[in-house]
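Note that the chains are named A, B, C and D in the order they appear, and that numbering of residues resets to 1 at the start of each chain.
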Amino acid sequence: MYEKVIRDNVHGDIYFNHPIFIEILDTPEMQRLRRILQLGGTSLAYPGATHTRFSHSIGVYHILTLFLESNDLSHLSSQDKKIVLLAGLMHDIGHGPFSHSFEKVCLQNHEKYSTEIIKNPQGNIFKILKKHKINPEEVVSIIEGTHPNKILNLLVSSQLDADRLDYLQRDAQNCGVGYATLDIRWIVRHVRIVDHKIVFPKKSIHAIESYLLGRYHMYKQVYDHKCSISFDALLEVWFKRLKDLYTSKFDFENPQIEVIFQELLNNQIIPIEKYLQLDDYSMFDIFKITQKSKDKTLADLSARLLNRKTFTIVKATEVNKNNLIKQLENNGFDPQYYLIELIPKKSIVYQDGVVNGKDETIWIQNSTQLEPLSKYSMFAESMKLINQANNEKIFLFPKKLV
Amino acid sequence: MYEKVIRDNVHGDIYFNHPIFIEILDTPEMQRLRRILQLGGTSLAYPGATHTRFSHSIGVYHILTLFLESNDLSHLSSQDKKIVLLAGLMHDIGHGPFSHSFEKVCLQNHEKYSTEIIKNPQGNIFKILKKHKINPEEVVSIIEGTHPNKILNLLVSSQLDADRLDYLQRDAQNCGVGYATLDIRWIVRHVRIVDHKIVFPKKSIHAIESYLLGRYHMYKQVYDHKCSISFDALLEVWFKRLKDLYTSKFDFENPQIEVIFQELLNNQIIPIEKYLQLDDYSMFDIFKITQKSKDKTLADLSARLLNRKTFTIVKATEVNKNNLIKQLENNGFDPQYYLIELIPKKSIVYQDGVVNGKDETIWIQNSTQLEPLSKYSMFAESMKLINQANNEKIFLFPKKLV
Amino acid sequence: MYEKVIRDNVHGDIYFNHPIFIEILDTPEMQRLRRILQLGGTSLAYPGATHTRFSHSIGVYHILTLFLESNDLSHLSSQDKKIVLLAGLMHDIGHGPFSHSFEKVCLQNHEKYSTEIIKNPQGNIFKILKKHKINPEEVVSIIEGTHPNKILNLLVSSQLDADRLDYLQRDAQNCGVGYATLDIRWIVRHVRIVDHKIVFPKKSIHAIESYLLGRYHMYKQVYDHKCSISFDALLEVWFKRLKDLYTSKFDFENPQIEVIFQELLNNQIIPIEKYLQLDDYSMFDIFKITQKSKDKTLADLSARLLNRKTFTIVKATEVNKNNLIKQLENNGFDPQYYLIELIPKKSIVYQDGVVNGKDETIWIQNSTQLEPLSKYSMFAESMKLINQANNEKIFLFPKKLV
Amino acid sequence: MYEKVIRDNVHGDIYFNHPIFIEILDTPEMQRLRRILQLGGTSLAYPGATHTRFSHSIGVYHILTLFLESNDLSHLSSQDKKIVLLAGLMHDIGHGPFSHSFEKVCLQNHEKYSTEIIKNPQGNIFKILKKHKINPEEVVSIIEGTHPNKILNLLVSSQLDADRLDYLQRDAQNCGVGYATLDIRWIVRHVRIVDHKIVFPKKSIHAIESYLLGRYHMYKQVYDHKCSISFDALLEVWFKRLKDLYTSKFDFENPQIEVIFQELLNNQIIPIEKYLQLDDYSMFDIFKITQKSKDKTLADLSARLLNRKTFTIVKATEVNKNNLIKQLENNGFDPQYYLIELIPKKSIVYQDGVVNGKDETIWIQNSTQLEPLSKYSMFAESMKLINQANNEKIFLFPKKLV
């Protein structure tokens, strides 16, 4: 019997019972994820948070195996199981450098790249899938949420999917932000399938509440951390400067820059082959190059990205923008790049109903009928209050100005 | 009162009570350690083991603060305390890419680079130390083990020093190799200073045994892992190939290679400024370049390093070397680079007495006299047996040959 | 230097730096707490929850030592520190069998017994305190919340006191209900004293929220567990039956029963000497005796208490009381003892302001002014919703009736 | 589908998939184990170690379910699985007060009592087994190690059985003696059945070593703790005094004593019905009675047992016995009861081969042949040294004499 074990610092031993998973893990496409940190700029705030999309992918695979052992899912065909596990393993294969941060600069989102990488007949993934008689289209359809068996889609992407169940624990543990893990097994074990929906029995409510509490906690301490917001903003202005210089025919000296970003600088999509060369590591090497640029602004922004000299964050109501601009100019900072204005995206811990076109309700089964979680959980109900909290505009700018 | 907190996934909250430590952490020299994994190639075997020299450095600082709160050390002057903490924080500042792996290729060890970086008057470290009236020489002397107050040296480097106490826990936890942590506090808390030695009371023996058990365990599962041995060997032959090509005037096409390795290729020491540009990230970017080399061997070795296609390991007694060479040649592998012969270095868990010119005895205080640990610990005594285990010669070569 | 260490499964090593604490721990009065489970009937639901008032008392002492190391409290006199530690160690010394469950039957609460035990000149506690020149009145005043230095009272009893910080963690861990512990140290370390109030800086808010989340969770899963409610109700009807039999001159045969409960059966307070003989263990031995009573009801209720045959719980709205009574009578159960009606007490996770005559506000310090937590914490605010949840009447009765 | 979950502080959620297990757990026979601490007198040294034979029994059941999911055991018939699970659940049902401590005083060991309790046709266990068509003899045969399917016996009792795998973890965790737990799952998962032996593949060796290291550690810190040795010795002399008084027709006043111990005082075996009334709780209540005895020796020994006034322990070589006797007599202590001489039993961590008539070898499978562990494990080999350590005679006597 084939068996391969990978020891994980979050879930312990993870077992692989078919060679296809290991072959996939061994492709350069998947190995690249070793060089993409899960939390991007947040690792600047939490030095332990160096975990990667690679270990997360393995974790998602693991949570899926647990789901597939549950009563209502163990009856899936072994082919369906394999396909959903593959989708879980590769759902992040299209992530670019710094995960979500770089995505804003790209003209194509990571899901689209995932699809392309898996369906690319010249790529390693496609060949392995074909060899094992797996239809790449089917794997892709799960990642895209269009598989005819809706349950498969929901396992990989929904309110309580394998993706979230893994990253919440993984991020918490690696950040050193303690938060309980026992209940995940409970949630997964008691999952039920009703009306093509993933639903939960009433006795799971306390575990689900605990999961939502953990999520609330993680938003406050990690995902909405100012270090992360600042890093993302820095990356955007760095790229803006790069582009502005390119437009003005600046001589970058090092030809690499223009080679690597040729398409992006010309508002085109980076082709897969080139995209697959990019990861956190290559970006840092690029910063090392641009740090030496004759252009003072590009050099400074690069040094900031390299060495954690992030911008400071102040509520828009607490400063006078005009004064700020004056101060920036007096200190030789071009406000175009050194003053960033934004409304941080609103993190929604939980909300019954449709969010961004997707049903995000957690369904609770009470004898024969299904009800949304907030019907039973005062805590879920109370989250509505928190969701309504108004996110205010903020300013970001170099620290020494304050 | 100044206070800065960093949350660590191993020790929890770590407190900094003086701005000098944060200023040091914020230098490019220290930030570089964020891009050097603590375990080098071992992270290939343990996907969670992506922790860096940066978080380890902070951890060593933390363990030192605990030592300095112990009864016999709390009386040190605040200047001495600051100096030993700085030495702990920067003891690994001179580490190169892949930690110990790359060191074999360099012509200067990482301790020497640490010294140079700290004493470099153009560097950021030197300036910060001077600003705060700290003599860089004194910090360096602790790292080099030559400070006149021997205790300071021993805290940073000895059998039970802050360095080992941190990395053992940190490596275990990030690899997911469970091993207890509670006793570290016990050991540190009960440390005593006698005759310019760090000694331990009899009641610490069980905690020290537990620490040695953990070490034994880590050697077996992590430090002597075949993935690590294989990665190191690959790195060596990759560089050998690079050098052989250089000697034979090969055209690398990409000028970067020759620029970066100019000195090493000419058997010279890399100067600090250039050394400080190197880290794991830059090496991976170099592999990405050499992976496309027209030289088949260099390209293949690079791809192996990039994508975890490590060599297989077989005991020398189990294969016939001539056959192996023949097989390699038949498969188009040049045995000069594809057959590596070595005797893995012998890990010594514990040994009373002098090892490599250094007293490695753990001293136990029994009323007024000091005795080596093995006098009281049957387990320490039994380690002698394990130390005598003969390490045999092994062969490394590409997997598909076996 | 005096030092004694006790290893605890919740906090690790706990250090005692003065012999008085160990002498107190070694008294029969404190050793009795080894025989009183912290959670009473709840251990029926969680077999791991066998931790006692004794280990909790040691834990409270430990949390207090952490508080006393904080910046604003380290300046207390060593006498004041000793007194508050003693108060923490002994705050539960007056607890009777099954902690809070038995208290309802007693005519004097446990705090009053604590006071009496400590101030009893014939007792061991009094003698030890006197020997070490500690005024028992002062220790008692902290437990009663009347010490002139209000801070000392608050450390032992307030919203974020050592008592709650210990039991929340201890209960969670022993029940196996995972919930994070790291933040406790953060809360304790950053405590400040302003205007004779214990207040917290804004940077502690996330840790306090996490603590409240944990509390919410524990209420739902442990403190309001139906097993606990049912055990308490059983104990009350068991005692009611005992008393009714006594009133009707029933012959208990075993004279012990009447000796032990003489005062309670006559509506008098149990004197200390006798009270100190009572603990969970003695109650179980009494149940073993009454289990053999000729009175069928007393025997059955005793067997239920001994062997976890708790009553079932149903919302009052879901059953017809008259039918229930009929069924009970048909099955030979006297509804006086076998039908219990009650409204479970309302657990309040957090509420700004005065609760039961005590200021339960958690004060947050924002530069110079103090504000209640809910001003800054959307989560604390949302707790108001949960507090308003209407607690409905429930019925308890033997299981097989349903 | 039937399912009941019990949450455990060691293993997390434990699932029961057949009502028979819950019915067994709900019998007074099993509920009694809630009142027997797993570690007897050791809980005096570790206040957190209040875990009971009840939670341990549930833990053993859990480990067995994991074993039964392993490849080589999943093919057992569902009847065999049920029987071995029942044997695991009830293997300690015959334990008396203070687990092993009281056993020395009894004339029949706990295994024999287990057998009797399960086979007693008037008992609840027998009836439940019969109802579910389980032959009690078969369950008993596994506990006695005589079941024709040897594997079933080995799962419950051997070097790496469910019993040890549970108690080692449970004791470590509740004592607060950290020691890693992850590897247990590895060991269990990879178990194989060869030649009617439980054997382990070579890849399990590191996990088994880790388990043995943990065992070594637990012996040193917990099982051979002086508090435990002293408590056992005290219990023996307490009973000796009780018996001597009985022989000399002493009037115990309280008739209970003679009723409870009637048989033991007359060198007869306690009958089951009476034995089932005994537990730690009843013993403590007896100590409360004998503590008030007019006999000074019995009263003092009882108070010592109640209040942790254990004897001190000194190596026989370090004191002069005659002097000691004189001192005891001068202080009014009768040396018959106040001076105990013994050689502590020798704890064997591991030894290949037959120990006490039982094959204790851990078998390792290397391709087709089986070899004892020490062939492959230098650590197991080194344990031989430790086993040879000479255990010396010790004296126990009241503390203030020293």
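The working rule: a residue touches a chain if its C-beta (ideal position, glycine included) is under 8 Å from a C-beta of that chain, and two chains touch if they have at least 3 such contacts.
These numbers were taken from a predicted model, which means no experiment stands behind them.
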Starting from the defined contact criterion, work out which chains touch chain C and chain D both, please.
A, B
Hey, which chain ends up farthest from chain B, C-alpha centres compared?
C
Which integer distance in Å separates the CA centroid of chain B from that of chain C?
50
Approximate Å spacing (C-alpha centroids) for the pair chain B, chain D:
44
Need the CA-centroid distance for the pair chain A / chain B, whole Å please.
31
Chain A residues touching 2+ other chains are 12, 176-177, 182
If you look only at chain C, which of its residues touch chain A in the complex?
176-183, 206, 209-210, 213, 216-217, 220-221, 378-379, 381-383, 385-386, 389
Chain B touches which residues of chain A in the complex?
6-10, 12, 26-28, 31, 34-35, 37, 43, 46-52, 54-55, 58, 173-177, 277, 280-282, 284-285, 288, 303, 306-309
Under the stated contact criterion, what part of chain C meets chain B in this complex?
1, 12-13, 71, 182, 185-186, 189
